[in-house]
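All remarks here apply to the structure that follows.
Per-chain numbering from 1; labels A, B, C and D assigned in written order.
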Amino acid sequence: MSFVLAAEQLQFAEALHDQLAAADVPAVARQWAAGDRKRGQALWYSLAEAGVAALAVPQRWDGLGAHPADLVIACEELGHHAMPGPIAESLAAVPTLLAVLAGTDEPAADERIAGWLRQLAAGDLIATIAWPPLLPYAADAQLAGLVLVAGPDWVKLAEPGPGLRSVQAGRSLSIVTGKELLAHGAAAAIQQAFEFGVLAGAAQLLGAGRALLDCATAHAVQRTQFGSPIGSFQAVKHQLANVLIALEFGRPLLLAAAVALADDPAGAARDVSAAKVACTDAARLAARVALQVHGAIGYTAEHDLSLWLTLVRAVGPAWGSQRWHRARVLAALAGGS
Amino acid sequence: MSFVLAAEQLQFAEALHDQLAAADVPAVARQWAAGDRKRGQALWYSLAEAGVAALAVPQRWDGLGAHPADLVIACEELGHHAMPGPIAESLAAVPTLLAVLAGTDEPAADERIAGWLRQLAAGDLIATIAWPPLLPYAADAQLAGLVLVAGPDWVKLAEPGPGLRSVQAGRSLSIVTGKELLAHGAAAAIQQAFEFGVLAGAAQLLGAGRALLDCATAHAVQRTQFGSPIGSFQAVKHQLANVLIALEFGRPLLLAAAVALADDPAGAARDVSAAKVACTDAARLAARVALQVHGAIGYTAEHDLSLWLTLVRAVGPAWGSQRWHRARVLAALAGGS
Amino acid sequence: MDLAEDDQVAAFRAEVRQWLAAHAPATPLPSVDTAEGFGLHRAWEAELAAARLSVVSWPEQYGGRGASLLDWLVFEEEYHAARGPVRVGQNGLFVLAPTLFAHGTPEQRSRILPKMATGEEVWAQAWSEPEVGSDLAAIRSRAARADGGWLLSGQKTWSSRAVWADRGFGLFRTATGDRRHDGLTYFLFSLRSPGVTVRPIAQLDGEAGFAEIFLDEVFVPDADVLGAPGDGWRIAMSSAGHERGLTLRSPGRFSAAAARLVELWQRAGDPADSALADRVADAWIGARAYQLRALETASQPGAGGFHGTGTPAPAPGRARLADSAAAGSGSGRTSLDRGVVGRGAAGGRPAADSSLGKVFWSELDLALHDTALELLGADAELAEGPDAGWLAGYLFALAGPIYAGTNEIQRTVIAERLLGMPR
Amino acid sequence: MDLAEDDQVAAFRAEVRQWLAAHAPATPLPSVDTAEGFGLHRAWEAELAAARLSVVSWPEQYGGRGASLLDWLVFEEEYHAARGPVRVGQNGLFVLAPTLFAHGTPEQRSRILPKMATGEEVWAQAWSEPEVGSDLAAIRSRAARADGGWLLSGQKTWSSRAVWADRGFGLFRTATGDRRHDGLTYFLFSLRSPGVTVRPIAQLDGEAGFAEIFLDEVFVPDADVLGAPGDGWRIAMSSAGHERGLTLRSPGRFSAAAARLVELWQRAGDPADSALADRVADAWIGARAYQLRALETASQPGAGGFHGTGTPAPAPGRARLADSAAAGSGSGRTSLDRGVVGRGAAGGRPAADSSLGKVFWSELDLALHDTALELLGADAELAEGPDAGWLAGYLFALAGPIYAGTNEIQRTVIAERLLGMPR
């Protein structure tokens, strides 16, 4: 047993953090939301160069075939910096799905699928997916080069309907219509893709929660009321402490889910759902407290806080409700696992 | 519309409070719990002399036929002073049931029932009741002169099994066995008795919540730590404020339920359940905060706080769970009432 | 004791209901925080006023009906049930007007209130400053004496609807005193005066609901000082209860929202999901409790002379548990001691009582909308479509625990003034 | 990165499981807070010790096995899953022993630890005083110099199991200093010495779990001063983390309770009641999170040298979010700055880190037992019968947010030391 990140993983996280900090993601996200995605797409490419887009792509299709924990690291950091785009879809769910569909034969049974995997790994393709009813909308289908829809055991290419605006500025949701059949008898692949999407979403939320706590602590030290920094008041201290506790105890669940997906994807449902429940709750608490600590300042669209507040509200309900995931945890436990 | 207590009602409450304060109920409750019920029974008689036991008994059987709000006042004050005994049963549910069964004829169809009502009003009889599965146990059957069990539409005299110890010292719970049939076709009477029992229990809980807040505020002013009264710390202030808010907004629901029972017993389910939900939650919050504010001092059986802490834990789950009552509120609303 | 409406109230309710059925917009007006929407909301105020329904609780001479608190509660219930538009003049109606009734001169009332009642003049509040949030006494904006009046300078912020409003009210420093809240004066000023610059601030939902107001030697005549110079703090605090109490957020608002939540649950809820059902029930119970507590207040003898001046003193004695706890005495006899009533510390019972309500309604509003979003599942994040109103309502509710004095401040007020905790 | 057990750990787990299956009492022992129960629990400790299972993490010379933190976690999981008896010596084992390892002399260790390991000597803690709860520096009990030792006088309270224990440990004032926590000295004393009076205090559940200890010139030889005179505060604080961290409440305790809750839900829960199902799931998730975080700690290089000395330093860098937040820098680069680790204020990271765990486990324990009581419905209030253990567990859990430093104190510590909030 070794339940800590390796030195290389810590370095990967740090490098990614530095890269995103240097890129000024909040500014990128604002341009993205205003419809100007040039800087955002450039950042997507440079993240791909750093390997982020290749993590879930097998090595035989020019990917990294990385451990799911690496995907957690990346998605957490992307959430930490409020990176826009269909992250759980394009970095986790779709490559996982396509990787299973592509199979292990060389050349691939379906060269198109292999091609998409190579493009995804290189950052040349952004993909998205819907899986009604659990994932009824495809996120950001307008800017995706590959839009899929999955059913119980089939996968189709899909045509997206008009993008509905999300609470997160710049994010859109589309009902999709299935077109060409890509695969059938693919229930296991679809399930695995879903688990990876949930995991990535949970990691994004934990990262966003960290950012919200960072902002709130910075503000609490600097903001003075009644002659003292507001961080000196117990009411503020205790709320911030509760956020830290929630985040601190969410993280191990996330990493354990990654380990479960690496070692036993079929049995990972319990751990993936537990992570999603805890990270969503932690991120929501962080959002609630961060706004309360900021007061009206945090309620403005001008303040960067709004980027994380709306991200948490957007990604939180996606990939299955809290109720759905809690029920799945309990079903796994009651089933004797 | 007039949604305030009348002057006489305020006087009744005050007189009752004075009487109970003079009687040193905590000491009475401790003797009661130790098996010595002499003082407790004497107090029960003197409360009956003040009219408490006659409130739910119609005037034709020597009762007061009082407004349900008067019952709320009395039960709240009894809870406020941690009065032991089967309060909701003997003061509310059983007299309400018997009053309907006795009917309005003179002489009564069943002279025994009229006799019990007269004895209840005089304080000469303590009664209890079970209504499985919602109210599976009869409380304090060992000291009751009249033990009943109700079914969907019948009422029987009952023989209690051994009394199981409750978390509240001195209180016991018995499974009962139905014996002689007392009434059948009595579904409406049983339902009405149940509503009055729920109302009385909710009032007891609100009163206990008030006492817990009283104790906690007194302690917070007097107890010094880190050189200041602990009541000067925000963490203590804010918890106490939350308790006051919960109690303040529980009380109107309780009185509205009393009004509903007076004006339309058949349609009162929604309001009675709403009151029970809010008062139980408020009392539990009060218990939690009062203990936390007292620290280890409150965790001892020697401190009077324990009387209210255990009362809330005992009466809280009786008369239907929170889930059951919330579902009943929603059913009434969704039914369009 | 009863909850039945008498004939007068029932007739008034029927009148309001019928009028709204005939006049209330069938579809929502454009957002009040847009130029077009602001204009349409102003026109709506005029329409309400023409029916003498814009300020029912005010005396007739100013455009009202002298309605009781109960009538006002009934009006609000009907208004929200009919989904009446946001009251664009609410800062004037619910914060400034009560202050004018209490502290204004007859001339000020006659000059200001009728135009406020018709929406001809819309008022914005100018309380906060960049360094002044909950700590109002830290105000830095100042007023210098000038011939026949004052010159206001400084910066105000978080001023709701100031972008399109006509006039503003707020505190400015006219002298320095021993204590920080000495030397503040309550001014009424035009947002169109020379020297005023208004900068919109986009809210979380992207709309310009806030504004910053920059004042550079803005002239205000003596007639537009409310109360005596230097007395601004006391005047503002005396009406602080209105800003957060019943008049700001009437029970009808939450009763209507709770009823809609029950409808949503029936339509979109999974009947097997008792976790959500419980939350729906709790939201309704909370709205009902808030309504009932208002009816308790409305049943007080003094509630007839409501005049839009906010929450009357709470019911005496037993109807308020705070009296019990304030005495801080275990189960001792003081919990029913009538003498405790009204013996609050500075600020008094009514203001502290409104703090109870403010924490309650703001948390209720958040829980209610959060429940709705949970019910909507994956649709919860949609900012457009048939159910997007719940998201908008949620974002609005998020501000509730912040404005009108944060809930942290309110809890401290409650503990100190109602429970007797030491400062 | 993996969670699979290696052969050594798996073998140890199997040994513990088999031994407990053969030896653990089939039915619960009488309460440890009764004379009979105390004796039986002491005998159980001797039985554990005979199998070298009473103090697995201690060095072999004192009766342990030098087990790693991971082994200890495994032992605790098996112990609680088997419903092993309450550890009657826990105050000695989990609070005093780590302090002896850190600050005791070799003579003290050799003299004290072996008897503690076998249960021959049971230790009670004597921290609190009537006026000293969370504010430990306010201690009034004092020690006066005497020939070859000291004379202790004063009153201690809330001393768990002191009624039947053999020896006690606590702080006494030996000098007055500039600051309140100067001049405190850490003493070990016999509860059988002349001058000691112990008065039982009944707990909420009616049992004498607490005691007051009155000391009237109780002689203690110099050999029973732990650390240097006057250094008691620093010594006590250095092991405060043990009192509330992993060693006090191991993950195995909550994993076992959560598993039993799931069983109760399957047996007694209404499958349609998703509200309760959610709470059951949350309890399990919480227990799992507490367990996983301990495994994170156990995976640190330093965790091999555990020796029962409490929680090792938390994982460096990224594995602890606190490092990010402590830097207080928005999304800036310091959130991954390794330099932050260990740079806490007085008390240091490990102690503050244990505060996170203390708040978490105490709230988890309450929520878990509260859920069980809700599941039991009307049976929840029963103090006897097959499910009464849940009520007892709930009453015990109620104390969790109070002892070992109230959760309010812990949250303040977390905010100040891990998040850098000003005092």
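Things worth noting here:
Note that in this section a residue touches a chain if its C-beta (ideal position, glycine included) is under 8 Å from a C-beta of that chain, and two chains touch if they have at least 3 such contacts.
Here the structure is a predicted model, which means the values were calculated and not measured.
More inter-chain C-beta contacts link the pair B-C than the other of A-C and B-C.
Chain centres here are means of the Cα atoms, and by that rule the chain farthest away from subunit A is B. Averaged C-alpha coordinates put the centre of subunit A at 40 Å from the centre of subunit C.
Computed from the mean C-alpha positions, the centre of subunit C lies at a distance of 50 Å from the centre of subunit D. Subunit B and subunit C have CA centres that are 38 Å apart. Centroid to centroid, with C-alpha atoms defining each point, subunit A and subunit B lie 52 Å apart. Residues of subunit B found to touch two or more other chains are 233-236, 238, 322-323. Multi-chain contact residues of subunit D, defined as those touching 2 or more other chains: 273-278, 408, 411-412. By the touch rule above, subunit D contacts subunit C in their complex via residues 272-278. Of all residues in subunit B, only 233-235, 238 touch subunit A in the complex they form.
Listing the residues of subunit C that touch subunit B in their complex gives 1-6, 9, 70, 262, 265-266, 274, 277-278, 280-282, 284-286, 288-290, 292-293, 295-296, 298-300, 315, 317-322, 324-333, 335-336, 356, 359-360, 408, 410-412, 414-416, 418-423. Those residues of subunit B whose C-beta lies close enough to touch subunit D in the complex are 134-137, 164-169, 171, 173, 224-226, 233, 235-236, 291-292, 295-297, 299-302, 306, 309-310, 313-314, 316-318, 321-323.
The residues of subunit D lying in touch with subunit B in their complex are 128, 131, 133-135, 138, 157-158, 201-206, 210, 273, 275-276, 373-374, 376-385, 391, 395, 398-399, 401-403, 406-408, 411-412.
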